[in-house]
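Below are two complexes that have subunit A in common, paired first with subunit B and then with subunit C.
Now for the complex of A and B:
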């Protein structure tokens, strides 16, 4: 979508302006309302703008023990799941990209199995298994269910990264006597690194926001930030607590947005979803 | 659907078969077997092979019979089918024009529109739910604005079946637009220009040139949306009515609040049944785009 190099006087893009206005109203405006609520001390009906702006509710929200414990819980869970996922998935991705072994293709596509079923139905079926294993309401139960959710991305994206590495450079390094481990460390990893980092970020952010598994398996014992947010929406009369929590909760997504925008806009991303 | 562009990957390296690869992929594959394949098989067995009063187990469809005869369960299934259908129609009506505009425009506004259309991907649905209530809920921002110009308040969609519909459509816009846009990439400019040269109008162009070429992408987008919406949990749970409820909240309540795993799993198997066609089609399309 690059601008034409020759200056042609284009007619005014009314369709584009209409889309831009409608989408701004529907997509940006609701989020601005939440942002405004978070920095509002007093906003009573029927005033169109808040009576008093301020940070009062930031102090109050951050003074709540349940907010801190769920922030800690969410960060611990997302870190544990991402690390475990990296440990089991990255060697597998390397194997899928570089080695030939019996059943390679069918095993590669087996990671799609989870996507052929409606997600919450699958979670309930898994919960049926966890019930027999006494994993309901435990930290490791939630870790397992979220770990399954990261497998597809954590294998398919790194496989593409390993396959994109220039094989001739690896072979040249081998020719001058570098050990396989040395080649992997100095040639393969630096080239595949950025894409793998993107997969790790995606898996961290995805786990951070994972609500359904955490709610079904973990609640009320394991309370993550999104789970706390649900109880704020359902039972908390002070609107600002939810608004402040929304802004806090959005931070990881904002970081992902900064890094992932280019990836998402490229055609290969949509292809990964079957387009 | 070509597989020659960015989505496709280099063919497998030609090496002799080395079983060590199996060892490296064993952990994630076993996890898939244990936590995806086995739960599905087990769910079917568990709901058909029920405990009998004398302590044994016997083949029985009584839990499915209960679902079919229970008016409340049937109402929940009906509202789920209604929500899924309405969402799919709205998604197409909203996203197809956006995707068509993005494909055939090169103005600067198009980049902004694309950015906005993708933005909901970076807004977790729980924040969306909160924003929905603050804007469209009772005494929300829309009420404030209407009140300030002397108009009556809206009939809020919050806690009605339209609540989840609005939330789910909002949430699914980015991927639907991206999938349709990717499909529109297969429509060549030459085909469009040739049709224009022979005098085809806008709608003839859409109907005879564009739609046949992107029908597969439309099906993929619909399948993806249906799989996500049919058993959606968070948005219907927070925004929807308490009764009848969609299958997601219904399964959750049956499992956790009523401590009735057998009926919850029966409901899960029923959702599998309703989505299996979409699921298989979707997975086949993803697999076609990707060679290991």
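Now for the complex of A and C:
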């Protein structure tokens, strides 16, 4: 994996630099615009920079009851989904990693299936079922639909993490007198810990940002922050409300990215996908 | 007083290969027995069955008369040291050693006392707060040994514990481990594929091949009197020369040697150090290469049909490439049908 770094003086790669600059512009520029809008009080055409900067719309946005209730909703929802997902998926991941049972491989790859179809079609079908079960517009309905979305991350990444744990370590723990359950708790889980933490974070963030399912199943009673943001952007003539919410929504993803780097760097993520 | 008894143990792997084939052994109290064999000889599988990590297909394993054949590893009075040391990297040295004691619900001060005592024993006093990853390979393996010893198991199991260490460290550590084992007086089963390790540490050696015992004996006996050509070839350097016997003489190409056995094919075994050379032209063999090790020399010889023979000489300077020599073995053993049929001592 890690090739020794060889220092060779190379000619300046102008094409590469050009690509980097263009990519940066394409990615960063919209972010910059949204960021600027969030801190703008007045910005009228044709001025290139806003006439007046300020936190006016932060006060206004944060003064709204629906914003706070949706933040609470999003956090509660993401936490509930992540905890439930961990309870369901971690033992399953351990089974996939360590046990051999009939249909193991097919079952393992079936978690990809949910991601292999246009998601919206699947959601509509599920919404039909939920309607009959009276789950539409309920908190638990949204929890259920988002659980499905976390399965892939929460199975595949922990499977790689468990597989990476040295079996001799587990055997050594059995040897000194630990029961299989104790071995899992004291040895396997801490060893796989950092990678599993990253999976938990990814699932938390993924749930936090998920809009389609939350909107289709939850609306109008259950409103998460991203769903609220979309309705702001669609229905409000004032751009700043949407911009402020967007900036608010960056915070968790930024934290998640810092942690996710760890998984990607360690290669466990890639291993989870069979690399 | 702890005696390990293995009786008629057989292990079939899925697919029908016999990893261990009706193996029996009794390890006496305080004895260190080495299971020696090439990879795939079943020695590790056997050790893992004693430790409880593999289930025998049939047979019986007892410790002090108690049947442990199907007991899970956490219930067994055995302590295992793994090849890869298998220390828990998320714990410091103290916690690694204390884990088993905590599971036994010993009081904290008792745990502390025992951990410190065992760290002293393996020469790592004061290392308790070190992270496992900060230790050198030799220190890690010593901690692994301490982790087993601290629980005072009846039987200590060592699974190629020095395989990942360099030669120099390996030699030092095997002396240390032997010292500790004798001081504690613990009954020990040791798996290795290194004959040096087996010869220098063991009270008795079990030479294994294809899941079966080839020979069980004291190290010096295994070296001096190998019972099968496999043992002869596996322990130390040995010239194994295939030939035929007729009228009391063994012959291979231009080499012949009196051998008082019935006529037929035979394998003659001669240690390089038990083979004298007499300069002669044309001679039975030609010197192919002379290697001077300072303390002694090693000669590679060729019989006319290409058969290679090694001989150890005190003064390699007397020989040069292409020179003819006659072979005069001081001690030989002969094998036929995988059994020893003749042996002479120097």
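To be clear about the criterion, the second predicted complex is superposed on the first by the 252 of 275 C-alpha atoms of A that agree within 3 Å, B and C clash if a C-alpha of one lies under 4 Å from a C-alpha of the other, contacts with A are read in each partner's own complex, and residues count from 1 in each chain.
To be clear about the criterion, a residue touches a chain if its C-beta (ideal position, glycine included) is under 8 Å from a C-beta of that chain, and two chains touch if they have at least 3 such contacts.
Since the structure is predicted, the reported quantities are computational estimates derived from the model, not experimental observations.
*Asks:* Should the superposition on subunit A be reported as showing a clash between subunit B and subunit C, or a fit?
*Replies:* fit
*Asks:* If we overlay the two complexes on their shared chain A, which of subunit B and subunit C does A:179 touch? Say first, second, both or neither.
*Replies:* second
*Asks:* Contacts for A:187 in the overlay, against subunit B (first) and subunit C (second): which applies, first, second, both or neither?
*Replies:* A:187 contacts subunit C only, not subunit B.
*Asks:* For A:160, decide between first (touching subunit B), second (touching subunit C), both and neither.
*Replies:* In the superposition, A:160 contacts subunit B only.
*Asks:* Which partner, subunit B or subunit C, is in contact with more residues of subunit A?
*Replies:* Looking at subunit B versus subunit C, the one contacting more residues of subunit A is B.
*Asks:* Is A:233 in contact with subunit B, with subunit C, with both, or with neither (first, second, both, neither)?
*Replies:* Once the two structures are laid over each other on A, A:233 reaches subunit B alone.
*Asks:* Centred on subunit A, what angle do subunit B and subunit C make, from Cα centres, as a multiple of 10°?
*Replies:* For this superposition the angle at subunit A equals 100 degrees.
*Asks:* Please indicate which partner A:39 is in contact with in the superposed arrangement: first for subunit B, second for subunit C, both, or neither.
*Replies:* Touch status of A:39: no partner.
*Asks:* By the touch definition at the top of the document, which applies to A:58: first (subunit B), second (subunit C), both, or neither?
*Replies:* neither
*Asks:* Just to be sure I read the superposition right, which of the two partners does A:169 touch: subunit B = first, subunit C = second, or both, or neither?
*Replies:* Second partner only, subunit C.
*Asks:* Is A:140 in contact with subunit B, with subunit C, with both, or with neither (first, second, both, neither)?
*Replies:* Neither partner.
*Asks:* Is A:122 in contact with subunit B, with subunit C, with both, or with neither (first, second, both, neither)?
*Replies:* In the superposed model, A:122 contacts subunit B only, not subunit C.
*Asks:* Please give the least Cα distance, whole angstrom, that subunit B and subunit C reach in the superposed model.
*Replies:* It comes out at 9 Å between the closest C-alpha atoms.
*Asks:* Could you pull out which residues of subunit A sit against subunit B in one structure and against subunit C in the other?
*Replies:* none
*Asks:* Subunit C touches which residues of subunit A in the complex?
*Replies:* Residues 166, 168-169, 171-179, 182, 186-187, 190-191, 193 of subunit A touch subunit C in their complex.
*Asks:* Report the residues of subunit C in contact with subunit A in the complex, numbered from low to high.
*Replies:* Counting only subunit C, the residues touching subunit A are 51-53, 72-75, 78-80, 82-84, 86-90, 99-100, 103-104, 144, 147-148, 151.
*Asks:* Going by the contact rule at the top, pick out the subunit A residues touching subunit B in the complex.
*Replies:* Residues 1-4, 10, 13, 15-17, 19-20, 23-24, 26-31, 33-34, 37, 45-48, 88-89, 91-92, 94-96, 98-105, 107-122, 124-129, 131, 144-145, 147-148, 151, 155-156, 159-160, 163, 209, 211-212, 215-216, 219, 226, 229-230, 233-234, 239, 242-243, 246, 249-250, 253-254, 256-257, 260-261, 264-275 of subunit A touch subunit B in their complex.
*Asks:* Please output the residues of subunit B touching subunit A within their complex, sorted ascending.
*Replies:* Spelled out, the residues of subunit B in touch with subunit A are 5-7, 9-10, 12-22, 24-25, 27-29, 31-32, 35-40, 42-43, 46, 97-98, 101, 105-114, 116-135, 139, 141, 143-145, 147-148, 170, 175, 178-183, 185, 217, 220-221, 223-224, 227-228, 230-234, 237-238, 247-248, 251-252, 255-256, 261, 264-265, 267-269, 271-272, 275-276, 279-280, 282-283, 285-290, 292.
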